[in-house]
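As written, the chain order gives the labels A, B, C, D and E, with residue 1 at the start of each chain.
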Amino acid sequence: ADKVKVGLMLPYTGTYAALGTAITNGFKQFVDENGGKLGGREVEYFTVDDESNPAKATENAKKLVSRDKVDVLVGTVHSGVALAMAKVARDTKTLMIVPNAGANDLTGPLCSPYVFRSSFSAWQPSYAMGEALAKKGIKNVATVTWKYSFGEESVAGFKEAFEKGGGKLVKEMTLPFPNVEFQPFLTEIASAKPDAVFVFFAGAGAAKFVADYAAAGLKNSIPLYGPGFLTDGNLGAMGGAGEGLLTTLHYADGLTNAKDAAFRTKYAQTYKLQPDVYAVQGYDAAQMYEAGLKAAGGDPEKKEDVIKGMESAKIDSPRGAFTLSKAHNPVQDIYMRQVKGDQNVMLEVVSKSLEDPARGCKM
Amino acid sequence: MSTTTKNEVLLQADRLTRRFGGLVANQDISVTLERQMIHVLLGPNGAGKSTCINMLSGDLPPSEGRIHYLGKDITALTAAQRSQVGIGRSYQRTNIFPQFTVLENVRLAAQSRRQQPWSLFTKAMEQKWALDKARACIEEAGLGKRVDWVSGVLSHGEQRQLEIAMVLSTDAQVLLLDEPLAGMGSEESASMVEVLKRLRQTRGILLVEHDMDAVFAVADMITVMVNGQLLECGPPAQIKASVAVQQAYLGTEDSFHV
Amino acid sequence: MNANASLIPKLVALAIVACVPLSGESFYIEIVGKVLVMAIFAMSLDLLVGFTGLVSFGHAAYFGIAAYAVAILSPEYEAASLWYVLPASVGLSALAAFVIGLFVLRTKGIYFIMVTLAFAQMAYFIFHDTPLGGGSDGKYLNNKPSASIFGWEPFDLTNEVHMFYFILAVLVLVYLFLARVLQSPFGRVLVGIKSNEHRMQSLGYLTFRYKLGAFTLAGALGGLAGFLYAVLFGFVTPELLSWHESGNVLLMVILGGMGNLAGAIAGAFAFEAMREIFADITKYWQLLMGGVIVAVVLFLPGGLAGVPGRIKRALQGGEAK
Amino acid sequence: MSNMLLEAKEVHTYYGASHILHGIDFNIREGEGIALMGRNGMGKSTLIKSMLGIVRPRHGRVLVRGDDYTKARTYQTAQQGIAYVPEGRGIFKSLTVRENLLMSARAGVDGRREWTFDRVMETFPRLGERINNGGWQLSGGEQQMLTIGRALMTNPDLLILDEATEGLAPLIAMEIWRIVKEIRRTGIATVIVDKNHGAVTSICDRAMILVKGQVVFDGTSDEIRAQPELIQKHLGV
Amino acid sequence: MDFASFLIQTLNSLQYGLLLFLVASGLTLVFGIMGIINLAHGSFYMIGAYLAFVLTSATGSLVLAVVLGIPLALAFGAFLEWALFSHLYKRDHLEQVLLTYGLILIFEQLRSLLVGDDVHGVAIPAFLDASIQLTEVMSYPVYRLAISVVCIVLAVALYYVIQRTRLGMMIRAGNDDRGMVEALGININMIYRVVFALGVALAALAGMLAAPISSVFPNMGSHVLIISFVIVVIGGIGSVWGALVAALIVGFADTFGKVLVPELSGIVVYVVMAVVLLWRPEGILKKG
């Protein structure tokens, strides 16, 4: 039979290059474990560096879809790029698996039979954090995030749960992406003295925020919380500043399932790197597709069957097993994690099988 | 060309003053320019002659004083607007379009008389009137052999000639010429003096020049400035004889023999 | 000068491009279509940079404004009329350029570069930080405008081949239009302003108005390119207005050789082709592309537009250098 | 006899394809003064620039004190004690008058420092009044004085003045000629291009006339003064 | 805003402004004084930061890293000038845009190949690793204050070199008319090489000093590029004091903008730039 053509559209240069690589590694790891095959067929990869640039996104996606005629599009990290890809996927009826981008819209108003997500929606980890803080009895929280959709959606998810639980946001602060001068906000926080601070940042900005927060002495008086992107992959850059931080995410260090242990050993062996949540998402993207292909008897052309197969699959992920919601977003456990040394150690499951509400999805 | 009346007052500047910070470059300078007259502005270096021309041409706003052209107050007009009403100038330091040919330099100058910014589809090179005008003025300035040369590669003296050709082609009634002969060879200077005389027949000319042979060959009236102040104003003979002027500017005959 | 001599290569190039749809590969049709759009964009900027001497570092604003205009003006579930959205979006870009021009044209040189950037960044943040155009995630244009006139449909933009020829036709028209404009008295004045604006003023030209005219015209044509882009891809994002995009189109113009319309087109082709080809052959495409750009600067002064001249000289075997 | 300072041998210079200098021989000895004459566009400035390495001659050689400087960089030639006042001035606009003078200050080749800042100030009192003005704020004549002063600050052995009195008031021009004479008396050689033939021939001991990039006359000032028809023919006066 | 936080915000503004000046200082030299439109300024900053990371990891001390890094950056700058920039002075300035764009791509890719794409931190030297208590909950890191001091010293030194020394005069003259400088017997090529190298070293130094507080990450150069140009330009090209004033203005505008008009904080800097340039079309302090 023909090969299965997999199109990887991920950032290989620029700010998110490390994430793109981790996702690719994870995906390929599963394929290797599966004998170098998906649905029983050899896999052929096509890669495009999306540069995290939405302005080139449509064009890049079409390159994979109409030139390389891939059977599945896997991508990407940046939400704006992923939205453009999703449009191409819908218009051309190409299967797409989002291995990271968290924009709620992807499995919300813009959901489509062809678009799946192996990661999370921005709403999920934040909502779980909102619940957890409210349960702890925290009343007043200040938030800070970059002014772009992902940040605002994260804060909105947090707010929804937190206010439902009786909490109150005393200050909602935003700054333009990718500005990283946080000092004014730290001063504001110090003067408002909330019970806690919830932030969404990722990558280098997150590392800097956590370091600045500690350097300003706030860490000792006002606890800091956020979705796991705050600390994932950044602990080295923070020095000791992150020690003890609590974050929520669908993955953590120190999970007790066997799948995770195997996955991590293998990954570390193959790539001489510690795996992270991005690698897991890449790995699961491959698993999801494998499930779909299996249902279609290994024929990627039978799209209906592939989709059905994926929709009904139970994915045995290193993060713990998950299923997919009607809108194609993982229904998964969210963990509360704490930074210990260079690890985000799992403390507890704060939200069991959390499902994104998929508001606006008409599927 | 418009009708010309002898001795009609073209340009009148009343008590112009210009300060640069603490420095008073021009103080209460009044100049009158009539048609068919060459009025020469003399003065040592830094006396304020170019500043005066700059005020008349609109390149510099005066600190005080008014300027009238044909009786109308033009003090508030910009350089471009003054050029449009009929005041043309040349520059002391060569000021041309170095990437263009000589012809294009002058043609652009000629084109400025009938601007049609809206007619995007006519070809500039088919506007014969501008081309003819340009060629005539180039010939007049003695650059006939260089019509198609890129002006930036002309020798210094040739660029000075081009400067004159440009101002000629604007048909200005008032010519403000800032050291037009500077950098020209003696032969070119001599022929330029002839050009000036011919131009005088229809226009008024304000001339700044340090070439005394040329000045006394063409001047009808001379104003001498020193340190921004008016020193003396009168016909050439009077100026030549003036002791004050000799001391401040001309020097005495014997000092000529170095 | 020898317009006819250079006409033939241009016609050949045009013919080759016109054959692209024959390949039937929708990817190539679209990608070449995009390059054509960028070529229009680059020409519009060249009018400012190469001919008028106004180095705008915010030209993406006009591209983006028109692109957003189509997306916003088009109803969500049906096609808008081309004959309404095209003039409307191009007009909006022109209007924006006119108003911004009133301010920015008061500055010169590097300062002008930076003020144009400042205004473009403001436009960027308007689309990025407000819900007007869907915020940072951008906005879909779900239905391409329809070209029907009272029921008669001369062409169909949802058809990729029609779309391609539509863009190509616009490109040719813009090229001919600009070539003509540059020969007009207006165009000559622009070139004069580039060479020596002060002298133009003292010759009696109200240069501000001419510059404003050029700025508005360039904004309108940049908007035209943005319009085509949005229709071609059906997705607009604030990044279309970002300084990276303004920078890219500026690079195309410089790469092609400033002050040469065909050069601007060549620059757009070269720039896009390099990205595509190098990114295809290696993950380290940036290294290759950077290397080629550095080499072009070092060995091809004046950009690609100078290449035909070099070849000619080399063929004539005339004196070196 | 004193030594050869600067020589050009069979120099051919082109601008692109146009052949400007057609094999020119030029030489100047220490302390000598040469008037370089010719109509506009005959190649006077080009000759000077060729010797200084500002434009490169395609054929021929340039010697400074007998050493080959044909391929030397301009600053190396200039450091041999050659100061250049270009036509059209070339002052530094973003520097003040003082800075324009100070930036070029240097001891002569033999270490002598005759021309100091103060001496330039004495020579051109007008500059003293404008000492903190920016170069772009000077009148044309003031700029001219500044370039001459700047050249003198390098304590040269050879001073090349290309139309140095352009735009100077007669009194100042005379003053310049007086200074040049004085400079010459201290043993500094000079090459002068100027349209005031009377003045230059009276200052210089030799004269040279260029026509279309060729030397048509090379002789003493007295010889040329004795042949007014030469001047008439080649310079048109 | 209560008075105490107003004071602290003012301190924040000053400190941020000085940091911005540090980041832009190399550009003041290369772009402001030498007139080279150097888009690779951000890359030199990035290279400095990565140098700090690599050398600190190797030697264990940021101070040693800086001591080793500066000569490296100088040599690197001199090499680039010799190999590339020296060929461009006579050409259209915009060709420098193209060249330096190419360099950005090359440097980013090399960085990725040599050091990878991860985010790194750099440890603050132990003797500066302390805080000053400002309010009961908030304190101020000594390292930031130390950097502010370095910035002030740098500003004064730069001003002195450029405005007061003959070297400075020659550089400025070179930007007006290179040929004339050379005709005066000055080896302008050598001077430009040295100054360019200094500019690169300054940018790299900024990267090294900023590394502990900004962390080290891919594309960090492009983040500082535009803001550096903004500062040099609104200060008035070629003016060191102007750049300092501009950096402080931007520092204040950005800090208070974030707090007082958060919705508009993205455009505050650009509005400031537009207003300044429309008010003074040649920057705040044109010269001197």
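Going forward, a residue touches a chain if its C-beta (ideal position, glycine included) is under 8 Å from a C-beta of that chain, and two chains touch if they have at least 3 such contacts.
Since we're looking at a predicted model, the values are computed, not measured.
Undergrad: Kindly list the shared contact partners of chain B and chain D, in label order.
TA: none
Undergrad: Counting C-beta pairs in contact, which comes out ahead: D-E or B-C?
TA: B-C
Undergrad: Report the chain whose CA-based centre is farthest from the CA-based centre of chain B.
TA: Comparing chain centres, A lies farthest from chain B.
Undergrad: Please compute the C-alpha centroid of chain C, do the same for chain E, then give the distance between them in whole Å.
TA: Taking the average C-alpha coordinate of chain C and of chain E, the gap between them is 32 Å.
Undergrad: Express in whole angstrom the distance between the two chain centres, defined as the mean CA positions of chain B and chain E.
TA: 48
Undergrad: Report the inter-chain centroid distance for chain A and chain E in whole angstrom, where each centroid is the mean of the CA atoms.
TA: 35
Undergrad: Distance between chain C and chain D based on Cα centroids, please, to the nearest Å.
TA: Whole-Å distance between the two chain centres: 51.
Undergrad: Which parts of chain A, given as residue numbers and ranges, touch two or more other chains?
TA: 13, 147, 176
Undergrad: Which of the chains are touching one another, listed as pairs?
TA: A-C, A-E, B-C, B-D, C-E, D-E
Undergrad: For the complex, give me every residue of chain D touching chain E.
TA: The contact residues of chain D facing chain E are 52, 54, 73-75, 78-79, 82-84, 86, 90, 92-95, 99-100, 102-106, 134-135, 150-151, 154.
Undergrad: Considering the complex alone, what residue numbers of chain C touch chain A?
TA: Chain C reaches chain A through residues 25-28, 30-31, 34, 125, 128-129, 135-138, 140, 233-235, 237-240, 242, 244-245, 279, 283, 285-286.
Undergrad: Under the stated contact criterion, what part of chain A meets chain C in this complex?
TA: Going through chain A, the ones touching chain C are 12-13, 47-49, 53-55, 57-59, 62-63, 65-67, 79-80, 83-84, 87, 91, 103, 105, 147-149, 152, 176-177.
Undergrad: Report the residues of chain E in contact with chain C in the complex, numbered from low to high.
TA: So the residues of chain E in touch with chain C come to 37, 84, 87-88, 91-92, 94-95, 97-99, 101-110, 113, 226, 229-230, 233-234, 237, 263, 266-267, 270-271, 273-274, 277-278, 281-283.
Undergrad: For the complex, give me every residue of chain B touching chain C.
TA: That would be residues 57, 59, 78-81, 83-84, 89, 91, 95-100, 104, 107-109, 111-113, 115-125, 127, 166, 170 of chain B.
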